[in-house]
Amino acid sequence: MGVQQNLKFDALVLGGGIAGLEAALNLAEQDFSVAVVEKDASIGGKMIRLSKVFPTLDCSSCITTPKMAAAAHHPKVTLLTYCELQSLERRGDELVALITQKPRYVDLEKCIGCRQCEYQCPVLVPDAEQGGLAARKAIYIPFSNAIPQKALIDPENCILCGRCEKVCPTQAVDFFQKVEDFTLTAATAVIATGFEMMPLEDKVQYGQGQIPDVITALQMERLLAPHGPYNRVLRPYDGKEPDSVAFIQCAGSRDQSMGVPYCSRVCCMYAIKQAMLLSGSLPLADLTVYYLDIRAFGKGYEQFFQNAQAMGVNFVKGKVAYVEPGEGGAVRLRYESQEAEGGVQVVEHDLVVLSLGLLPGWTPGASCALSTGADNFIKTVKPKLAPALTELSGVFVAGAASGPKDIVDSIVEAGAAAMEACRYLAARGFKAAG
Amino acid sequence: MEAEKYAGKILILATETCAYPGADAVGQGHQSYPANTYLLRVKDPVLFPEKFYLDCFAKGVAGIIIMSCGVESPYPGSYEALARRIDRVYPLMKAKGLDIRRLRLTAICTVCTRAFVNEVRQMHDLVSELGPPGRE
Amino acid sequence: MSDAPIEAESRKAALKKLIAARRPQMIAATARMKEQRRALKAIKEHLAGAELTVPEIAAATGLPVSEVLWYVATLKKYGEILEGTKAGAYFRYRLGQVVAAEAEPGSDE
Amino acid sequence: MFNPRDIIDLIAANVRQSRNPFGVPSTRFNTWWRKMPGFTRRPGEALLFTGLMYQAIPYIEATTRYLERLEGSRWADYLRWARFSRYLPGSLPGRGLSFLTSRAEKQKFNGILQTICRLLTKSGVGFFYHPEMDFYSGILLYDLGDQEGFEEHARFVVRNLKLHGVHKIITVDPHTTYALKELYPKYTGETFEVQPYFTLLRLSAGGGNGQGPVAIHDPCFYGRYLQLSEGPRQVLRDLGLKYVEVRNSGEFTSCCGGPAESVSPALNREILDRRVAELKASGAPVVTLCPICLANLLKAGLAVEDLASLAGRYC
Amino acid sequence: MALVNPNFAAELEAFGVDTALECFNCGTCAAICPLLYEHFPRKLIRYVQVGAEKKIMENAQDLWRCLHCGLCTRTCPRQANPGELILGLRRYVVARWRRP
Amino acid sequence: MAKKKKKTEPAPEAKVGVYVCHCGGNISDAVEVDQVCQHARRVPGVVVARDNMFLCSDPCQEMIIEDLKSGLVDRVVVASCSPSLHEATFRRALARAGANPYVYEHANLREQVSWVHHGAAATEKASRLVAAAAAKARLLRPLESIRVEVQRQAVVIGGGVAGLKAALELGERGLAVVLVEKSPFLGGQVAQLQRLAPFGETAAEVISELTGAVLKHPAITVHTCAEVEDFAGYIGNFKIKVVRQSPAGAVYADRLARLSRSGRGLGEYVPFVGVMPAAIPEGREEFDLEAGAIVLATGFRPYQPRAGEYGYRDFPEVVTLPELIRQLAAAEGAGDTLVLNGRLIRQAALIHCVGSRQIPGVHAENEGGYLNEYCSRTCCSATLYAANQIREQYPKTRIFDFYRDIRTYGRGQEELYTEAARNGTLFFRFEAGEEPQVSRNPHRTSNPLLVKVRDVLTFGEELEVPVDLVVLAVGQEPNDIAHLVENLKIPVGADRFLQEVHPKLRPVEVSVAGILLAGTCQAPFDVGETCAAAGAAAVKAAAILTRGYVELDPFVAEVDLSRCVGTGACVEACLAEGALALVNLEVEGQMVRRAQVNPALCLGCGACVAVCPENAINVQGWTLKQYEAMVDMIVSDEYLEERAEG
């Protein structure tokens, strides 16, 4: 497939999550033109998929959507969604990115987001946006506050029945769309490719995803979100309102046997947050957090942890070693209680949430001359004085791309990366408004 | 079918950062609610003086739901000022013989779809029960 | 409009090619869809005139309980069923007004 | 639980005396090869080294049944038994055991070794066997913490093997494999080329038809320590047999409880029951490849078979 | 009340007990252990760390419960090798028994 | 075409065009679009009402533009999907037509009508919403976004790494920067360290690099011994009065002595001092600075343990971590065992969370009645780094670490913890309220101190550790900047650190626009995090400064001088400090007190609108009159009357 077109911007931001959007907006605010390249069909990253966020407990969507809308409407920001970076290299003063536009099979210009197609489509597919706990269709809009609000077809599950095409008021469905490659040149780039959660299948001792009521923390976020799969917290085994929920911390991080020796940094706080939210929605439920060290290090975090204790969330020091199905949908855990009279305990909970390790969302591999640290996250060269600096001149990094990071730290770092990028542009004679 | 059942108009003052997008989310979810509801987009309902509410009732509006951002308001202190104002509106309503339940102050966020529908349903039931303003 | 039939013809050919290229996944997806239809039909049948919890639906339909929940969540999302009253720690579900104009003639089955 | 100190002393004394943990001469129970064709040595060929584990199982089982009755009774003071045994002439407890052990049991375990030979031959593997080069590995001494005893015995075995110029070794059980492969180099400084038999098998048979899937119980030493769980699966695939994975397999396999036999039959039972439940959940007959696991799982009444026996039925 | 003895861990290195201090006392080994027995094996590892020689000898018999199944070592998040530590402690105790 | 019924209605010239979208059936399936248009035509002020399948399409936008250009309409109402999707689109279309983008009103007929209602009720509601929008549109006036000219200079307060980094970023961006530092030195608290956890960069290299670049940068001016005395103005136009004088008392005597002992000159880095860029001024100097934006980088100070806290001051062998770091730098290489001040350190205890994570009712408050409830974030790593340094350099010195939770959260930090364990550091865990007890050692060992702890890791057993040294890992406390806080009117959190507007939406901004936070004045941070925060503050400052003006939403309060009588009620109700004031004005030859809006500070919330007895103040674009007109249309049936005719 030949390269179709070449786009030119002052800056390229790789990743349309909160760090990428923040970096893009900061660059655009200084009148530099920015392209945001996002691999998913919507911008918003992990944050738009969360319920509420610590330590303020404000609704994640309410904080993310304004930034998403600001980026979508900013005249200096171009959003390129459902695009995959193939390579990024420096050629003289320019960075050249080869990008693949994945086919949506829906014309982005024509689609008006009415979802008629989705309602008509006969195929159900586990909805990854809802942690697989409910279904979407083979043609679908990713989620309710997705930007762009446009449909796409998942060809793996499409049966080409043509119903979507028939019902679309704008003839936007196009089964014949093809992969398109294009190049994008920019003077500077910000890598904001974020993180992925370690797959549940990797954790043999915790049932490898085979126990319905053992879920990932991201699935729990969906259960807690107001527009989640069940619209309330129910256990996935049979729809029961759980009486007791357990959180297993360091379920894959700080664990050399899992190949993730580092701390995933956000799990303590989100587990505390989820427990707090549960104590609101299920006031009678027993909530237990099994932990090694509670790492409530950020502003207002320790007080948040203390509040959770005061609210009756149970904190048990000890790493859960083994999880197995109990009777009637319950989940049985084994851990060592460190109390003198403790020892190995076998306890049952209705629902178990795993704080799985965070892994890099993207690794450059051969696509680009950036290397990674021992933790596989993007390597930074001056972690103290210039945390956004990478090995490649003019390429900066922000957020979880250079290691697990919470939202606040990611946003701040995105500002720093954007500043470095602006400075880099200014030094090369790129003019902002003035 | 109760064709003659009174469905007085309900005014919803919805903040542009919280409740208005919340109402949009209800729409996206195709969650039906009574149609006698009129959303006005506002930056912050702290803008409206006591008189505004009384005038609305005088014009025939049967119920008003203020959907604010609550303490998460982008204008620090506005929610508290708003709450104090509404507290002053209630005695004025009583003085005019208006059931104070016709005016309700709530906080609705961008994804509070269930809360939105609940609030609307409750107010709808209330105004159906009370009839036109001033006749309670 | 005169060239429309030709366009339609080439489109038909292109579609044929596309179907041929996607054959394996289409066969699998169609099989899944048929199974889903059977499950959905069974669930909706048992909900006709009754409010049932997920375990009750599972018992009635013989489907695995977690699977029933998945279908129930989905039907709820697309407005076909509604959450009803609570029974102990479970919620009951009932048929709702169908939002999407579906009720297929089922000609392809 | 029995006093470990006494068990260690007893076993150490037995190994010193008879070069195996039972205090009976190995010739008394290492008899499986007698009715087999002679395995003559050809240059460069590997020694089949059984480590006497399969042969010994019926004796261990017999002992355990005896001990199981003692534990929890007022005879629980194993000390008495141990001390008593130590004052007996070396061969007497062995004779007693021999008496307690059924002929059918012995036949079963000997048969596995015979089948292994057949399978190796069928796979075109050149090997030889000589009972005078086949010793107990000393693994139990190592496990029990008798470092001196183990080292002494290991050096004895190594000396003997070197004397016969043995370099390549084919093993049949996980414990001996681990001892020879990992422990001997560490404690004697001598390295052999050690290969468990199943990694050498090159079988093919369509015999899987009609046979339902089997469930694999990975022994700890193969699955976890030596990370050889792919081996038996390959054998099954070669034979056209289907298998299912049970909860906890491969590197995360569950212990069957076998090693607890020597200190606490009650503990052994408890752990065994848990593993049996996991295996039973698969609904399939179980295949394993360790004499201790095999005997232990058989004891629980599970439908279990040695990998070699299963393979033997198909070719 | 016990006095911590940091030299004890060094003494044990002769018996191959050289990873005890890497343990951060998460309890995985105790909970994954098929024995499900009190704090075993972490208790003995902690005693090595703080140098509670006497306690180790008092609890020595527990060492022989271990099945040498290796699950603790496979799952130890710090790769402190608890299974080997237990075997090393057995060697230490046997040596002490033989040469008090 | 509708007739204007009442000539007395305001803005008689307003010609409203109404455009209703079918949204390809999304709206028209539930709403009778024809009828809505018919109804709209009867609404006062509406001159045209059109419908279309897709209004957002280019041809339809062109149609609207044509209507505007031809003079047919001068106000636009679009009734379609949610304004969040297309309000901006249509405002841009207005701008393309040469019209003011603010003479535009949006009615939401999709998310809030056709997707949630059915039948006649849906059409009626749509008609009423369109009528209301038209009524508002009729009252709309063209608005200009507010431009505030900006002084293209930033002032950075604080000369530690945060201030230096922020100044450097802005300077490199081509902006003028003035850095104001209270002490004679640059480098702040980092200059009091040696190596930085977890990667071991030296404080010397970090500070030398920063100060080197800052001091030689032509766009950056540095004033040391300088303090902010007074402050006025608003975003874009701050005025700061600075006093520069020799610091009072002997606060810096120790550092000055160290500097003179070192033999280093001005601009050179001296360990535990920092960089002195200029001589201490002789007299007192006052000057004014103008700034478009201000970056606060006032930093932290280490927690100072109370006398007796873990034996501090009672025993000379108890020191804080910063004190240890200094002593380590001076320690002589005495073989395998650490020697501090001539004393052999064979065993040392490190105690975490000193002055951090304090719990009300469990821990004692300080003299000021404060508890540091927060975690100081950096001490775990710093402590473990020190432990590793000692273990590696002095392998015979044993380290015992007493912690509540080990918080090595960041990149390279968990490795420090693993490394410490591998190095033989022995850990003990204590519960809050059961802190280790430090006392004289009564045992026969020669170590002078004994640390007792109920150790969670040892099943709650009481353990005793004889030691030669106890190191307290003290936390971070904000510097005392009460004067500045009062002057700048910036909020302080319960933890006494400066408070940002919102930790995620605006993490480096305070409620006073144009003032930004960098580093540990906001919360405890390590050096990397501080530099990131400084960068984030710089990018916000640069956005303000680079354009030379700030463009603010036109939706701010506006005083109608013909109605204002100067009651001052609005000033009292105002939520944004300084946005409203009573000023003396000359009206028709008379001096009167009238309200005046500072658009640069006004938030547009409307709190003032509600309280004005004369309705003399309104938020532009969202006036009370407009809302009243909308309500009138919602309750009116006039334009619906002939609905039965079809």
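For reference, chains read A, B, C, D, E and F in written order, and residue numbers begin at 1 within each chain.
Basically, a residue touches a chain if its C-beta (ideal position, glycine included) is under 8 Å from a C-beta of that chain, and two chains touch if they have at least 3 such contacts.
What you see is a predicted model; the values in this text were computed from it and never measured.
Note on connectivity: the fewest chain-to-chain touch steps from chain A to chain B number 1. For chain pairs B-F and A-C, the one joined by more C-beta pairs in contact is B-F. Of all chains, the one whose CA centroid is most distant from that of chain D is B.
Per-chain Cα centroids separate chain B from chain D by 79 Å. If you average the Cα atoms of chain E and of chain F, the two centres end up 51 Å apart.
Averaged C-alpha coordinates put the centre of chain D at 27 Å from the centre of chain E.
Taking each chain's centre as the average of its CA atoms, chain C and chain E sit 58 Å apart. Residue positions of chain B touching 2 or more other chains: 21, 28, 30.
Within chain E, the positions touching two or more other chains are listed as 24-25, 39, 74, 78. Shown for chain A are the residues that touch two or more other chains, namely 58, 66, 205, 231, 254, 338, 342. Residues 23-26, 53-54, 56, 81, 84-85, 88, 161, 165, 169, 172-174, 196, 199, 201, 206, 209-210, 356-357, 359, 373-375, 377, 405-415, 418, 429, 456-457, 459-461, 493, 495, 497, 502-505, 507-508, 522-523, 527-529, 531-540, 542-543, 546-548 of chain F are the ones that touch chain A when the two sit in their complex.
Looking at the complex, you find that chain A touches chain E at residues 205, 250, 254-258, 292, 318-322, 334-338, 342-346.
For chain D in complex with chain E, the touching residues are 1, 3-5, 7-8, 142-148, 220-221, 224-225, 251-252, 254-255, 257-260, 263-264, 267, 271, 274.
Per the touch definition, chain F reaches chain B in the complex via residues 82-84, 108, 110-113, 115-118, 121-122, 124-125, 128-129, 132, 511, 555, 573, 575-576, 603-607, 609-612, 619, 622, 624, 627-628, 630-632, 634-635. On the side of chain A, the complex with chain B involves touching residues 58-59, 61-62, 65-66, 144-145, 225-227, 231.
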